[in-house]
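Each chain gets a letter, A, B, C, D, E and F, in the order it is written, and its residues are counted from 1.
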Amino acid sequence: MGMEFLIANIIVLILTVVASLVAVLLRDLLAAAVAMAAMSLLLSLEFFILQAPDVAIAEAGVGACLSTAIVIIAIKGTKRTEDE
Amino acid sequence: MFSLESGSGFWNPILWVLIFFIAFLLFYGIRGFGKSTYKKDTDQTKAFLSGNQEPSAEVMHVKASNLYWGFTTSMKTVYTELRKMHTGNASDYVLWFVIILACLFLIMGVM
Amino acid sequence: MNIIDVLIEQSPALIIAIPLLGAFLMPLVSRINSTLRNIFGLLVLCLTGFFVGILASDVLANGPRLYIFGAKDLAVPMVRILFEVDSMSIFMALITMVLAFIALIYSWSFMKDHDGLDKYYTLVLLLITSTFGMELTGDIFNFFVFLEISCIASCALIAFWISEGEALEAAFKYIVVSAIGALFVLFAIGMLYAQYNALNIATLANVLKYTFLDKIILVLLLVVLGMKAGLVPMHMWLPDSYGRAPPSVTLIIIGATLASFYGVLRVIFTLYGNVLSTTMRFSIPLNVLVGWILITLAIISIIVGVAMALVQSDFMRLIGFSAVTEVGYMFLAIGAGIAALGTPYATTALQGGILHLLNDALDIGLLFLVAGAVYYTTKKRSLDDTSGLARNMKYTTVFFVIGFLAVAGMPPLNGFASKFLIYESVYQLNPILSIVAILCSILMLAVFVKVFYAVFMGPELPAFKNVTEAPRSMLLAMGLVAALAIFIGLFPNLVIDALVKPAADALLNHAQYIGTVVGGI
Amino acid sequence: MSGMSKIVKTSVNILFPLTMIFGLYVIAHGHLTPGGGFQGGAIVASGCAMIVVAYGSKWVFKQINEKRLSTFESIGGVGFITVALLGLVFSTVFFGNFLAGSNLLFGTTPATGSTGADFNTGGVLPLMNFAVGVKVIAGLFVIVLVMAYASSVKEWDT
Amino acid sequence: MIEYIPFIAVVTMIFIGLYAVLFRRNLIKIVIGISIIESGVNLFLITLGYREGGVAPIFTSLPPGTTYPAGMVLPVPQALTLTSIVIGVAVLALMLSLVMHIYRKYGTLDVRKIRRLKE
Amino acid sequence: MEKRTIVAVVVFAIVAVFFFFSIFLIHPFGKPGQVNMDDHIIANTQNETGTNNGVTSTVFDYRGFDTLGEATILFTAVAGVLMIFRRVK
């Protein structure tokens, strides 16, 4: 396994996990949605690193773009903060 | 014929229906000995409550939640626990799932 | 090679393709005319039923049948998706078919006054398709895909009455639970794939070695499918969604739930069939452990289900809790069958469980249909508000009596036949289990006597003075189910010999299931 | 969501055709390069979602309603299953790849190993890609459109 | 240890999502949690399919000197993941439309207050 | 802490331990053990399906039926969303 491959892998994975953690912990739902988009993009990058370009395109289109759009629309239709 | 074997016993519905039918005939015969002066929809059949007026249907209606009151009261401890279990919270549904998962993991992991 | 052989050969694919095509065409057809839409739905179902029928006759006569998607022969069995139809799958498919027919006939009048019916019929057809897919498939990832379709379609149908907040709530809870469950199934499938590089159930079963990872997979699959089948304490979604879905749909959702139960059977008997007798630590065989786990959960299900049903005041929710009890009976029988694998009464228990599966679908379905008829005429859900309906709804009352006697296991109805087998065989395993089961059956009778009094007997309230009988198509649907229940009750041995025994044998004979695929390489 | 500022509209006007072309390219070359019906459909649908964001869902609803879109989706689904059923007719199995190696439409077999992009290959796969592409575009777009419309209208159920 | 890092990321993501479902009260947060679990499972499948030093299984202008099949990553997990991604977006859309509707009916997104169906 | 949190944390810990333990039993990253199914697909995708893209051939040909299911899922979700947002009379 190439060293640079391993390092890129580790960095992207850690960033993905951090982004998902941020998406869960943030109280502002819109920010959480953006964090989820970031997570999807990083995940798509990771798929690309793992030689799955088909899945990377799908994840970028569906996960990062459409899912986020749907979540943001739902937040617009309800309310933005998590607190009661 | 037509009987269901379970290895240690059998169950024959046709036989059962036959016996039931005979019992029904007997019952019908006994019923025929009843009074011939009985007529429907006369004062004979009205409820008699010490001369009081018959209460309206709403008053006479026993609500379903009041049925088996004695049973539920005597089993109160069980029912409080059961009601506490059914919280109706979607997170708790998932929590129960994870609890069972953990229990079975422990059992299978030890074995 | 005559035409009927060709049709039989192609029928596993057509059973899926025809309702799917019908579902895709439904939005276009319903644009034209509403009567045409109903006829189209019934036509699609009739065609599917024809193929299920000929496939059933063939499978019961000639043993398991394979269908490989995209290739003519078994040259590469690892790669392609294949359907493997044995007697157990076809038994489930027949149940689904019956339930779907009845639900469609019932919907005809019950759903008449609603809007959004094109979506309704589309989703009903999709739900039926996915149930068939879960039952016929021989590929574990394909099973997951159909599980997911059934979960989405059921969720949308549960939320059909969108003007009631509770329906939406029930749908949301259902989809949260089943989406998480499905993801864990996918995780388990990934682990299976990683170990054996195969997704075919028969191939996997052939090479399964029962490593530690396989234990984890077994637990994941069992728990998720048990949850989807409604085992306590993961049953909470079941009364919610059964109680709030339109009753015509509930019938098909029962079919989908039973398909999950079928998944449990498939996982234990086929996927882990080769390793079931592996002894583990403390020299306990795997089958005893799994059997007793299932029995424990089943007994809890029976007790909790009936105890909660006793205090419900919502008609449909009450039936939902009694459905949990019925699921408990099935798991009790299956658990006893697994724990005592190899003894003669294990086979009896298995037959009782499989017959009870059919009886549960019919009886609980009948009760839901009756509840729907009561809701249709009175618009009341609560048992507290209804009273004295027997005066005006004579047929419905008769059907309710048949249904509740059958659920409570009163002779000579069908519920008794299967419960008799379960009691007798479980008694040999452990008498206490049998006694608990009988006691809960009696409690079940008490539950429905309460309903009978609250809804049909009692004083005639002025609000229901001019209630009329349910429409004719609803009565027809209820009558069909009641007739089936009485028929199975009177001639249980006919059904057992024709359908249940082959199904139980197919489950126990996993070598044949595996050999049909692996032996053909 | 109502319409956004003119800058956004103009930039979307430029970006939308590009996304469209890219998505259609991905769909068409699914059997040669990374991509396929789902990926390309998702890309085109996200382009359509951009239109919804920029112009507002009410404006989009005036141009195209959800009934027409769901008709398109049905057509895509029927097309997909029809290709699969044609496999049943021509090669006796459901999902049979009856065009591969037949030298008809998309029927040529590529050379083994690393080859160039020959568009005329793949058997029924490009057809299925097209059907799935239509279906996914219509399906995802209708989801976004309907949800956006519902969130912009305050009281839509009466 | 270091070669297992993708698997560790997978399990961490699954548990982050499960944490959101179990402990967060907002419905949209729960939906986001389910979406994160789904991403974790997708990553798991792709990770299973990776072969050391392999390239994507696409023959169009393959890098010279590639041996196949040993030099390519496994295609089946990628196909499964594609299916899983589409399933994910379908479930997400349905859940969020339910959430929007529930908000109109109940006036809240707190999962503890959305329980008219209990006991 | 309330009882629910304690139970959840304990259960969470148990499941996490088992999951973390089990992933180390899967083959190491990048070294899949058995690959016969996938090797068959890679080796035969060009001459059996006439496709250069192994993933597309898997999605639409070898596992085409799953893709039909996947398309059905999207269709189901669209029908569900349209049904949920329908206008009630």
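Quick note on the criterion: a contact is a pair of C-beta atoms (placed from the backbone, for glycine too) under 8 Å apart; a residue touches a chain by one contact, two chains touch by 3 or more.
Keep in mind that this is a model prediction, so the values were computed, not measured.
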Most widely separated chain from subunit D, with each centre as the mean of CA atoms: B
Pair exhibiting more inter-chain C-beta contacts, D-E or D-F: D-F
Distance from subunit F to subunit C - Cα centre to Cα centre, in angstrom: 25
For subunit C paired with subunit D, centre-to-centre distance based on mean C-alpha positions, whole Å: 36
CA centroid of subunit E to CA centroid of subunit F, Å: 8
Distance between chain centroids, defined by C-alpha means - subunit B, subunit F (Å): 46
Overlap residues in subunit A, where contacts from two or more other chains coincide: 1, 52-55, 58, 62, 66, 70, 73-74, 77
Sequence positions of subunit B contacting 2 or more other chains: 86, 88, 90, 92, 94-95, 98-99, 101, 105, 109
For subunit D, residues contacting two or more additional chains: 32-34, 36, 38, 70, 77, 81, 84, 94-95, 97, 110, 113, 115, 117, 136, 140, 143, 146-147, 150-151, 157
Sites on subunit A touched by subunit D in the complex: 53-54, 56-58, 61-62, 65-66, 69-70, 73-74, 76-77
Parts of subunit B lying in touch with subunit F, wherever the complex brings them together: 92, 95, 98-99, 101-102, 105-106, 109
In the complex with subunit B, residue positions of subunit C that touch it: 172-173, 176-177, 180-181, 184, 215-216, 218-220, 222-224, 226-227, 233-234, 236-237, 240, 280-282, 284, 289, 293, 297, 304, 307-308, 310-311, 313, 344-345, 348, 382-384, 387-388, 411-412, 416-417, 420-421, 424-425, 427-428, 446, 450-451, 453-454, 458-462, 489-494, 496
Footprint of subunit E on subunit D - complex, ascending: 32-34, 38, 110, 113-117, 136, 140, 143, 146-147, 150-151, 157
Of all residues in subunit E, those that touch subunit B in their complex: 18, 21-23, 25, 30, 111-112, 114-119
